[in-house]
Amino acid sequence: MEKKVSFECDYIKGAHPKILERLIETNFEALPGYGFDRYSDSAKEKIRAALGAPEADVEFLVGGTQTNVIVISTMLRDWEGVIAAESGHISVHESGAIEFTGHKVIELPAEDGKLKADDVRKYVEIFRADATHEHMVFPGMVYISYPTEPGTLYSKSELEALADVCREFEMPLYIDGARLGYGLMSDAADVTIEDIARIADVLYIGGTKVGALCGEAVVFTKGNKPEHFMTSVKKRGGLLAKGRLLGVQFDTLFTDGLYFEISRHAIEMASRVKEIIKEKGWEFYMDSPTNQQLILMNDAEMEELGKTIAFDRWGIHEDGRTIVRLATSWSTTEADIEQLAKV
Amino acid sequence: MEKKVSFECDYIKGAHPKILERLIETNFEALPGYGFDRYSDSAKEKIRAALGAPEADVEFLVGGTQTNVIVISTMLRDWEGVIAAESGHISVHESGAIEFTGHKVIELPAEDGKLKADDVRKYVEIFRADATHEHMVFPGMVYISYPTEPGTLYSKSELEALADVCREFEMPLYIDGARLGYGLMSDAADVTIEDIARIADVLYIGGTKVGALCGEAVVFTKGNKPEHFMTSVKKRGGLLAKGRLLGVQFDTLFTDGLYFEISRHAIEMASRVKEIIKEKGWEFYMDSPTNQQLILMNDAEMEELGKTIAFDRWGIHEDGRTIVRLATSWSTTEADIEQLAKV
Amino acid sequence: MEKKVSFECDYIKGAHPKILERLIETNFEALPGYGFDRYSDSAKEKIRAALGAPEADVEFLVGGTQTNVIVISTMLRDWEGVIAAESGHISVHESGAIEFTGHKVIELPAEDGKLKADDVRKYVEIFRADATHEHMVFPGMVYISYPTEPGTLYSKSELEALADVCREFEMPLYIDGARLGYGLMSDAADVTIEDIARIADVLYIGGTKVGALCGEAVVFTKGNKPEHFMTSVKKRGGLLAKGRLLGVQFDTLFTDGLYFEISRHAIEMASRVKEIIKEKGWEFYMDSPTNQQLILMNDAEMEELGKTIAFDRWGIHEDGRTIVRLATSWSTTEADIEQLAKV
Amino acid sequence: MEKKVSFECDYIKGAHPKILERLIETNFEALPGYGFDRYSDSAKEKIRAALGAPEADVEFLVGGTQTNVIVISTMLRDWEGVIAAESGHISVHESGAIEFTGHKVIELPAEDGKLKADDVRKYVEIFRADATHEHMVFPGMVYISYPTEPGTLYSKSELEALADVCREFEMPLYIDGARLGYGLMSDAADVTIEDIARIADVLYIGGTKVGALCGEAVVFTKGNKPEHFMTSVKKRGGLLAKGRLLGVQFDTLFTDGLYFEISRHAIEMASRVKEIIKEKGWEFYMDSPTNQQLILMNDAEMEELGKTIAFDRWGIHEDGRTIVRLATSWSTTEADIEQLAKV
């Protein structure tokens, strides 16, 4: 595999060199554990500033599944579940981690990977009108991904419509930003990170897929962090002893706009990939303005592509063809793109 | 409410008089607790005989939700979830009780309340073909209701097709028989209870809705009761101290065919209800050959009906009308029917 | 076994005849399910009156384990556990049902089955002083049994001391009254049921062991029932369809003081058992003023006793002898006592 | 704090420089995620070789709590709990994470932090002899720490006695080796890592406290990794996308004996600390042959010590004094020791 150029996913390389550099520079400082170090403090401050949310609570966790589990299960009440698109990550690809904490994922139809405000409203209204709803799971939160799993983007008005429904029915709106940077830096994005912070009640800013070795920054945008959150994190196996590992990384990512800069790079590389796809005449499965391009290929095409390019088999299309994912990231190079063009 | 005649549901009255009689006759016998009494033994033996399943393990539990929770969560393995129709009871009306035990309900489309074997097969095949399926919930069991929630019935060939898929993919087939008698005694049923026992890997025979004060009989038809089941039942809060309460009731229900006789009565009453519906020109929501009739009514119609009849608001139709349920049961009388005819 | 006289436990017989009588009388009334029937309402009202707690919330559940699970897991917050005596029922004999809901039972030493207020205070003070306590389970509730598992009784001052600690540290005090009547009617009791209601934040009045077929009445004495309790009950598999079964039973038990009258009977029978034990020269394991007498016997003594008497092997003493339990109940008769005297 | 010399714990510094070096060297290799990279493979092979256990299954997880949760909850069966010392980490300092997965920690008395084989045997024998044990949590695993939480060591014969009990009663023996190196490299250790691998059924080799940024290596020593372990890990939020982070670290730690070399260094530094404690006349709370020294100090002594030394308040002694922990690690320097000597 090492000889191929990899467009498999956005977590195939290590970390952005500046992160490794900072880990080395800070390595021999004696720092308190569990996130009480000064780099975590600094990173939180920088994130609050970047989001224009001075009252926000910021916490660092190790990975995406863990973050989804912890945010959802500490914010839901006993009788509640979380609404998500049927194609949402927590509906499909978390091995039942949400349910493991005792809460149902209420799956609603999605279009282009997006949950629609009207569908949420209709669901909640029907739920409330149902005389037997005490026998059902109460909708207690709405989960969306920005960008979505197939790489599409909600518009600002779509997000605000979702937020409106959430506020009306007193459900927090949670935005999974595993690839947040790759969404915000897209030419198609009509929201800023400040908009996201304003619209969401809680979100996470993905590090793992945007230049970090690991780590996600959870932001409770309205100062609404659950009580004794640290204990609840530990109870779910998520508390990292050397919290510095997360603090230093996010402090670096949010210094001088590095997070946005490397996200933008991935988007530029993705637009090059898109051009190549068009040139080759490959068929798009879905139009994506972010760092993941999904195309349809039969076995022969995949065999040919696979000779020099590592890619991901994202799913199987109804017509039997494979949905192939070509992902760029902060680490994609000009040379990678040239190699792809030569296929 | 007491002055109205009630067609609200099939659990509005107490128990069949023979059950109360037997509770009184056995009341002062000193009997061991937790299901080790001789009436429980006798009831188990009679159920095995009725099902033609001498090797079956039979256990008594108190209610339906509890039974679904215990059967599903003790039979699934850590990485597995249960497939159900999106309209299935465990998908909609168990307040997330299955998820509370840490397992996902995988909801597939339903037609007339029925899960289709082809949909199950396709789901499992796509799951297995998916290169990332280790990140997903493994389908580990199939749950269906006989009769279904809206009162329809699977045909023998539909059941066998489901069983075939289950056997092929090594998933147990679980039949929720909360209203089993009302299904089997329908003229539309083409299966016997022996067929059900042969087709299912585990099922429960509902008592609560068919003449008992409470109680459901779980049958592991192939001697496949999970190890240390009693401890797992207690761990889930389901172990009844005075197991005799369940034993005596099921012993009575399975003596001289009482369970089937009273089920048949309900079906006969339901056919009378059906005739009345037709006469009145009320619109059926769904055609049901069992004890529950679902009709569509607007507010005015409901107000009129509600003057003398107690009914259930089963749901809300897309067109805004209410789906009204008129249910018969072992306790429905001629007088009840006459009252309904007078509306 | 039927030929022996049974002192095995307090749930060997069915129900008090008045309960069966009322079940028959009310059997054909059409009543709403899930506890919304008028007998449940009436029973709640009578219990509030008996407890002198007009603001209390009363709910009926089926059994003891279920009640402990539901009360504890709906009242604890995510980061909390429940303090109990190491000999407490939830510490030892619930098959891990509390832990199954995700909460730790914090076991403290017990003396004569009783948790001491000083031990609770010391535990919580040390917990709070511990700089690492965010890594520990927060003590969030105190559980005691009245009477205790071996049959002893807390004095009023012991109970008030526990309540004081609980109030000081803002932890609800929960009293498991599986055998509440047998405690209150003991000559050694210096509290009334009004005292219990005042002292406890939540308690349950046991029905199963005091004359009912099944059923426990949970009392949130300060109107402190958890929000959407019914949904949380269903989520834990505890919601009974025919709630009337519980309503009618508790309505009968709390009419004309039946609950207390039959409890007193058991205590009188127990005092006769105690005299016999002394006469026979059998050795007490622990002095109990309630309906359970624990004595120490070797194998030969048990064999002799077992010829005419059914008893319970309650545990094994350090010296190898068995701790034998002789329990009386509402159903113990003069004839039973005479038989025991003849051993 | 930065100006003080820190003996607070063994995770105050980053990682061993060789680890950072290797992270940099491998940073731009495209590697598969989720632990399928070649460094993880290589690390597993080296660990198997170091342990003399060619058939062992090795898996990498991020942190200690997570590891305990995952190992215990995937190996226990539904009706089982895990036996641990009452002072064990999972009994006290995991915020109830084991219970969150639905399993009880059965706490037995400890001496010097050690669980005794005789106590385990007695517990299991009494459990089995108890006629009501189906109402209890079955002991299904034994958990110990090597070294223990206060820093003591089991002797080989103590370990083998525990293993004998475990084999006799068919319970896996699980060794929490968060500080495994600091135990094995102690002069007081009479076991090798091969002995540990032979004695334990499952263990984890701690990375976080022994030179890594994060990471623990779980070893199922008899090829007894639970089925679909990866899915169960993800379900518990423990699956790391960039598994390389763990693979590269453990590959480095197990190359040329680095893990043992840096562990030995910590032990040598600890013996210097011990000498200083004796010279100063400070009172030991417990004699520890490993990297953590526990001493008793009053407030005045702590204030004095705190002027130049950062330390941990490990607990509170019965006499009111604080139990102060002075820990060395792979990163402790001569200069640190000299500073401590000057207090």
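Lettered A, B, C and D in written order, each chain numbered from 1.
Heads up, the rule we're going with is that a contact is a pair of C-beta atoms (placed from the backbone, for glycine too) under 8 Å apart; a residue touches a chain by one contact, two chains touch by 3 or more.
What you are looking at is a predicted structure, and each value in this text was computed from that prediction instead of being measured.
Among the remaining chains, the Cα-based centre furthest from that of chain D is the centre of B.
Looking at which positions face the partner, chain B and chain C present mostly the same ones, since more than half of the interface numbers are shared.
Inter-chain centre distance (chain A to chain B, centres taken as mean C-alpha positions): 41 Å. Centre-to-centre, using mean CA coordinates, chain B is 33 Å away from chain C.
A straight line joining the Cα centres of chain A and chain C is 50 Å long.
Shared contact sites, meaning residues of chain A that touch two or more other chains, fall at 79, 94-96, 100, 102, 134-136, 231-232, 234-235, 239. Residues 79, 81, 92-96, 99-105, 107, 126, 129-132, 134-137, 313, 315-316 of chain B touch chain A in their complex. Residues of chain D touching chain B in their complex: 74, 77-79, 102, 134-136, 138, 226-228, 230-232, 234-235, 239. Per the touch definition, chain B reaches chain C in the complex via residues 1-2, 4-6, 8-9, 11-15, 17, 20, 23-24, 26-33, 62-66, 69-70, 94-97, 100, 208-209, 213-214, 231-232, 234-242, 244-245, 310, 331.
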